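Going by the order they are written in, the chains are A, B, C, D, E and F; count residues from 1 in each one.
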Amino acid sequence: MSKLRPSLELVVPVPVGTWGLDGVVKSLRQSREETHNIRYRGQIRELPSREALQRILDGLSAALFPTHYGQPVLTDESIDYFVGDKLNTALNDLAEQVRRGLLFVSRQGDEDDAQPVVKSGHDASDLDREAIEITRNFASQLRHIRDVLVTDLQAAYHGDPAAHSVSEILVCYPGMTAIIYHRFAHALHNLGAPFLARLISRIAHSGTGIDIHPGAEIGSSFFIDHGTGVVIGETAVIGNRVRLYQAVTLGAKRFPADESGSLIKGNPRHPIVEDDVVIYAGATVLGRITIGKGTTIGGGVWLTHSVAADSNITQAQSRNI
Amino acid sequence: MSKLRPSLELVVPVPVGTWGLDGVVKSLRQSREETHNIRYRGQIRELPSREALQRILDGLSAALFPTHYGQPVLTDESIDYFVGDKLNTALNDLAEQVRRGLLFVSRQGDEDDAQPVVKSGHDASDLDREAIEITRNFASQLRHIRDVLVTDLQAAYHGDPAAHSVSEILVCYPGMTAIIYHRFAHALHNLGAPFLARLISRIAHSGTGIDIHPGAEIGSSFFIDHGTGVVIGETAVIGNRVRLYQAVTLGAKRFPADESGSLIKGNPRHPIVEDDVVIYAGATVLGRITIGKGTTIGGGVWLTHSVAADSNITQAQSRNI
Amino acid sequence: MSKLRPSLELVVPVPVGTWGLDGVVKSLRQSREETHNIRYRGQIRELPSREALQRILDGLSAALFPTHYGQPVLTDESIDYFVGDKLNTALNDLAEQVRRGLLFVSRQGDEDDAQPVVKSGHDASDLDREAIEITRNFASQLRHIRDVLVTDLQAAYHGDPAAHSVSEILVCYPGMTAIIYHRFAHALHNLGAPFLARLISRIAHSGTGIDIHPGAEIGSSFFIDHGTGVVIGETAVIGNRVRLYQAVTLGAKRFPADESGSLIKGNPRHPIVEDDVVIYAGATVLGRITIGKGTTIGGGVWLTHSVAADSNITQAQSRNI
Amino acid sequence: MSKLRPSLELVVPVPVGTWGLDGVVKSLRQSREETHNIRYRGQIRELPSREALQRILDGLSAALFPTHYGQPVLTDESIDYFVGDKLNTALNDLAEQVRRGLLFVSRQGDEDDAQPVVKSGHDASDLDREAIEITRNFASQLRHIRDVLVTDLQAAYHGDPAAHSVSEILVCYPGMTAIIYHRFAHALHNLGAPFLARLISRIAHSGTGIDIHPGAEIGSSFFIDHGTGVVIGETAVIGNRVRLYQAVTLGAKRFPADESGSLIKGNPRHPIVEDDVVIYAGATVLGRITIGKGTTIGGGVWLTHSVAADSNITQAQSRNI
Amino acid sequence: MSKLRPSLELVVPVPVGTWGLDGVVKSLRQSREETHNIRYRGQIRELPSREALQRILDGLSAALFPTHYGQPVLTDESIDYFVGDKLNTALNDLAEQVRRGLLFVSRQGDEDDAQPVVKSGHDASDLDREAIEITRNFASQLRHIRDVLVTDLQAAYHGDPAAHSVSEILVCYPGMTAIIYHRFAHALHNLGAPFLARLISRIAHSGTGIDIHPGAEIGSSFFIDHGTGVVIGETAVIGNRVRLYQAVTLGAKRFPADESGSLIKGNPRHPIVEDDVVIYAGATVLGRITIGKGTTIGGGVWLTHSVAADSNITQAQSRNI
Amino acid sequence: MSKLRPSLELVVPVPVGTWGLDGVVKSLRQSREETHNIRYRGQIRELPSREALQRILDGLSAALFPTHYGQPVLTDESIDYFVGDKLNTALNDLAEQVRRGLLFVSRQGDEDDAQPVVKSGHDASDLDREAIEITRNFASQLRHIRDVLVTDLQAAYHGDPAAHSVSEILVCYPGMTAIIYHRFAHALHNLGAPFLARLISRIAHSGTGIDIHPGAEIGSSFFIDHGTGVVIGETAVIGNRVRLYQAVTLGAKRFPADESGSLIKGNPRHPIVEDDVVIYAGATVLGRITIGKGTTIGGGVWLTHSVAADSNITQAQSRNI
């Protein structure tokens, strides 16, 4: 073995410097003051915590699929205690995050200065009551969410020749994680917790490369394979038994502005995808168009108009030069 | 400085609600019972642990590249102790994860109810013996794996004008992480631990955006630049000195079903890419076709037929409207 | 409830095997020795730590946006203490990481054996001094960096109809994270800390799917929506008010080699994108071309030639078969 | 402010030395081999884990006193789920630790070589069955344990003029922690898990300075104030309503050896303390003597003979020199 | 080397048992209900958190002695930012813990059922205001606390021949930790936060073996050497320049009960120790007696009467039998 | 079940206050400046880290007793790799802590201002060399330390009738922890690293209640039972086969001061305890006296004069009043 190291040697140390701290601190204070128009000027608001939300998502996943996302050693006598306690902890924590998120709602007719505000007429105990109500409604939907997720799981097993077991899908498929998180996020979005729902979709995006806006409506038996780069927009509507591959975009074609130049927010601008559609890798489908039932869209296709049921759309061919 | 806060103010607290826990717990139990056909009804099986596997991958990487992935201060007298202990810990832990994974193997001819089962004829001590045998064989391949990874490292250094050192590649290039993990996963896949191999590829995918199925055969001096969105399918075969860019798909064209409507699993359905091929960003290559030696495939190309050696394939031109 | 578990049952245990450790350790030592030409033969060098750098980035983000990335309960009397202490800790730690990174600089005219070396003429105290100088200069740019980031934040708010508040953008938008990290990385790159800058871009890429080389010049009011798969090359130049969508590549067309076959490193090879350009999802723009002011490039476009100001480039149409 | 630091200075770095590792490793191996007579020569045995046991103790404490040692926000609908899940986790983990501990039982008639062995006639599944049986019996005693602990709690409240609430006692009194842990340990000791019980007493000792052997029998309404240095021996018997102060020893007077010179283990050798006895700080009570009902023993007393009921024992007076 | 292990062997696994959970949960619920008289029946109260308090104590210690308990690399420009931010965080967190503690105050004239209650006339915003007021007053005393602690530090240096530096005392002497924590606790006790003060003394006791009630008045230049087993009672009064050794008790002699049999709480019952007294190891001093200025009390002395100034008290001699 | 909680309720929130931070920070700065005479005015010195030292002690313990303090699953092929790597890590880290400790050495003849200083004639590379030399010598003593610890282990097994196995002693006996740490500390003390040795004894004291100064000389087959409150002074000398019980003090009788009033440091002032002595609980032995071979000293004895070999010393009797 060659000599790796001599027997006595110095590792060069960390230097100790001065950074002009007073000046930097002062200049940053000035920057904050000059951009006060994008800073909020009201009561103290705590942002929802991404770490807390991750724990909540883990807890909800464990409550829905206890042996796969919870713990393997659960017996007949213990499983309901496990599920009940996981739910209780997750829902308590969720209520607090929902409450925080309710403080971050945009002021209508006031987009020019980007000032989010508390919904008018809300005081603290209203907020508490609203957060609890949203969370209780969310809890009551969990059984339905689980039932639909089971159809997604079956769709993945039947839709991928490389899938060997449902356990493999639950544990190894980013598309499964993405749809579980989306179904949680979508329920919260509809119940009036859009900020929190958005943060859930951010967490899913970061871990899977799949970016589904919580507003998107997605039917049962939904399957995304591989998934990196998939984008599904806020007003997209997707039917049952739809299958997507990596890098598929269901996006908006253009963003109309109002007379003041501000973007008009919230209008339907993403595709409607009917039942039994398959969209292959890299296809881009834009605008409020309808993809008819049973259609297949080939990889890399660029599509901005509606197509009839049972269509088969492919890309222009490449050429050999 | 403007008034940021008054001197005494309340942060609104977490609300305490009731969630109808008994009802939710009961409904989830019903949902589990109604979907019992996708639940496993046998002995207790612990799933391989993603956290444990991440530690094992870190340990194996440290054993192969001690000063880059292990610790910088290693001397001639200490390096073999370090490597030996890292290996021993990683291999002990790997044996346990392999054992767990062996319990998740699909039942042949029984895809209709998605029931994974223990391989017939396997009892606990058979499983132990098999897990140990797989792990011991894996250990004996580590030197070969390291040798091939060194060719990948050199390919990255020579293939990217932005690369300034091998250290930069080992530390900063997602493609390097992806190929290290793939070479571990592929060895385990071939040795009979497909579930575990799949979970390794999931970990790599999550951290790099690169999704390589463990079944894919990849030659030496392989380099993926940037890498986000790359997908390489289960039966793909890639030669030596191949270079891929981000969002390249080597996928299947279609998924033939048997007469019962179930997908036929395992047949060759992904491309064969011969030596010295370069495939640029966003190209999609589908089906059991052959890309001849030395071919260049341009970015965004959609390709579903074989091409001869030394071809140069480009996309149809865009137009200015 | 059906019987989940019998009352007494064994979980199969971890097997204890032997791995032929002596042989594997010896073979890995041989592999290290045989590939010594890619191993560094000098003083001990500690690599910059990804974990330390993540903490530094968190600290700098908190110093720039204290209530969003720091802590919500900051008062007039406490905010400057918070900012000052976060800065001091982050800058002390940064100086150490910069120092480490300075040891990994490639030897000019010596690419054939991939040997990174210490810059000639540098001894330990020179390195300390240089690291401190770089860090102090970096500190003095923080106010400017914050001012530009505020324009990026406003661009996101005004550019995405789904954005409801600046808080949502700061917390939920991967594009915001990517540009914050890039502006830190670019400053360090220009100040002479390229290795460290590269590691920052790797961290950003891993968390967002957006891969921006630290060398890229990017103007103010920059916005990337969704972002997965975006790649921006080392020598790209981007003007003000530019908007990109997911999977856009601003890449190099070809990599010229010198007469010895080695790639020529560092020459301008990525696009110049002028002010007010919008590039939609999946577009690939390659080579040292210029995209004129105000141009719109459609999704999926493949572009390798310059276009005039106010152009509108779209992809060839797909066809219905 | 005086000059704390110059602006540029080196922190002296960690030295890199060589330690003669091969020689030290070899000498330690020789030491292990030469002292093989105190090393166990049988199957692999995992020691009970102190960290796991601490978690188990936390879990059991939370199950018994959910709002003080568990979590404050428990509602009527959630508290039983919480208790049930805490119990299930703690009991599952306890069974494993009990199983480990069962492997460490001394071989009768073989004290000369200090060789602990597996109880004869025990194979692995016997051990499992025994560990489960012990744990199930332990579970069935938890209600009784809680009831007695409530009497201890009341004794502390009524016995210390400085105690202002039961919450203060549960949270701030080392004596309360010691008696909770002892009652768990004593139950396990009696059920046949002495090693594990001993480890629990070690944990209690480390955190409170109170050292109670798990074998000691202690009646209800027991209170130790301050507690540092209290030692209660293996065969001590303590009645109801007994109060001890810091540094009280209830120890053995002498340790008789058998003819071979080995200590005779297990015979009664510690005091019997009857009901309603108070023993003040620093008193030392040794041997199998009886302290009659209602007796008060003064601080610092040294006592090696029995005393009648209602005695009042004090130390010889100090003198002023 | 002898054979440590055969090459293939089983580690016995964790057994899976059933615990009769439903029964245990039910019995514990019954136990809680039957002992409802020691359970609190009011609003939800969160107990002060020992972990939070430990962090607060670390923060306050760092603010007072920044280079010893904070971080070594502090410069003239950074030290005040460090101190200010540590203080702000610690004081914010302290206010919350003080608020929690205020809810645990015993109901006067109601000791018979051990029911702690909220102070009458307190609602939530009163509590907030009181917690903030206590914390602000505490902050204003920190400079004084530091000044006194410096006299303690000097007393330790001059009082122990084994002490080689003040750094050694700050880092290695349990007596120093105990007095720092006591001075914090005493200030809070006097300001009206007795529960929190008590929890601080519990933390100090657990880490040092020294148990000082927060109510004790202790003068400057105080030094405890070794310290294990020292107990100082609630109403003790200690002058300046007093030195104690391990296992010294300054306790109460008896606890008078009122006519109902309840202990009378709060009356003076511990010794007054005047200036310049030294008390050696194991001495026990009980009751509201006065130890005159300059007195020396020998090790192991048992003392229940006052002694004049400059006395020299020693224990009765041992005898050789 | 009684109503634990209503269904909607507020938890009172953390208040937000202002603390007069500027004033407190300024006053603390003044306090630091006024007490500058006990502050060090030289180069930056990092204190040895208690956390790092705990890790080092864990590593050394694992290297000496691999299956008890390391990991249970070690095979013939892996145990030396484990020991070697544990040692290397622990010794590297120890060298750094030794180096730090060397900076804290008191200035001779300068006790009046409590100024510790760097030993004269030491510059940074001298320090490195000295730290490495001390650590290398320490490494060479490890085999001897292990051999002696094995005699201590046997003494515990033979000395305590409650001990059932050597594993129980290694895992559950605080006296064993104390003597292991002391033998490490004593070796470092003798090699010239007194500050570090002192910190090790502090760690042992905190976890066991046993306070042994690193300077104390202790022979083989040493056993401390229970141990809380044991204090052994700096210049104590203890023979072979000595047994101590809890609360035994081997201390100094008086501390002579020099003419300036400063304590004389370092002179012999603690007892010499010859072979085969037993000292029972609570005995206090003070001054440079000699306890003759084979002597037994009873519990609670106060002894300040030498006693001949084979003496039997007991306390004056208590009396019944």
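Here is the rule we use: a contact is a pair of C-beta atoms (placed from the backbone, for glycine too) under 8 Å apart; a residue touches a chain by one contact, two chains touch by 3 or more.
Bear in mind the structure is a predicted one, so any value in this text is a computation, not a measurement.
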Field rot_deg for pair subunit B/subunit F, CA superposition, rounded to the nearest 5 degrees, holds 180
Relative to subunit E, largest Cα-centroid distance belongs to chain B
The distance between the C-alpha centres of subunit D and subunit E, rounded to whole Å, is 23
Taking each chain's mean CA coordinate, subunit A and subunit D are separated, in whole Å, by 50
So subunit B residues touching two or more other chains come to 1, 5, 7-22, 25, 29, 44, 46, 73, 75-81, 84, 87-88, 92, 128-129, 132, 209, 228-229, 247, 282, 298, 300, 315-316
Residue set of subunit D touching subunit F in the complex reads 1-2, 5, 9-25, 27-32, 34-35, 38, 40, 44-48, 50, 73-76, 79, 104-106, 114, 116, 194-195, 198-199, 201-202, 205-206, 209, 211, 213, 215, 228-231, 233-234, 247, 249, 251-252, 255, 262-267, 269, 282, 284, 286, 298, 300-303, 307, 311-316
Listed in rising order, the residues of subunit E that touch subunit C in the complex are 5, 7-18, 73, 77-78, 80-82, 84-88, 92
The subunit D residues in contact with subunit B across the complex are 14, 16, 18-22, 25, 73, 75-78, 81
Subunit F residues touching subunit D in their complex are 1, 3-5, 7, 11, 29, 33, 36, 43-44, 46, 63-64, 66, 68, 72-73, 79-80, 83-84, 87-88, 91-92, 95-96, 99, 124, 127-129, 131-132, 135-136, 139-140, 142-143, 146-147, 150, 153-154, 157-168, 171-174, 207-209, 226, 228-229, 245-247, 281-282, 298-300, 315-321
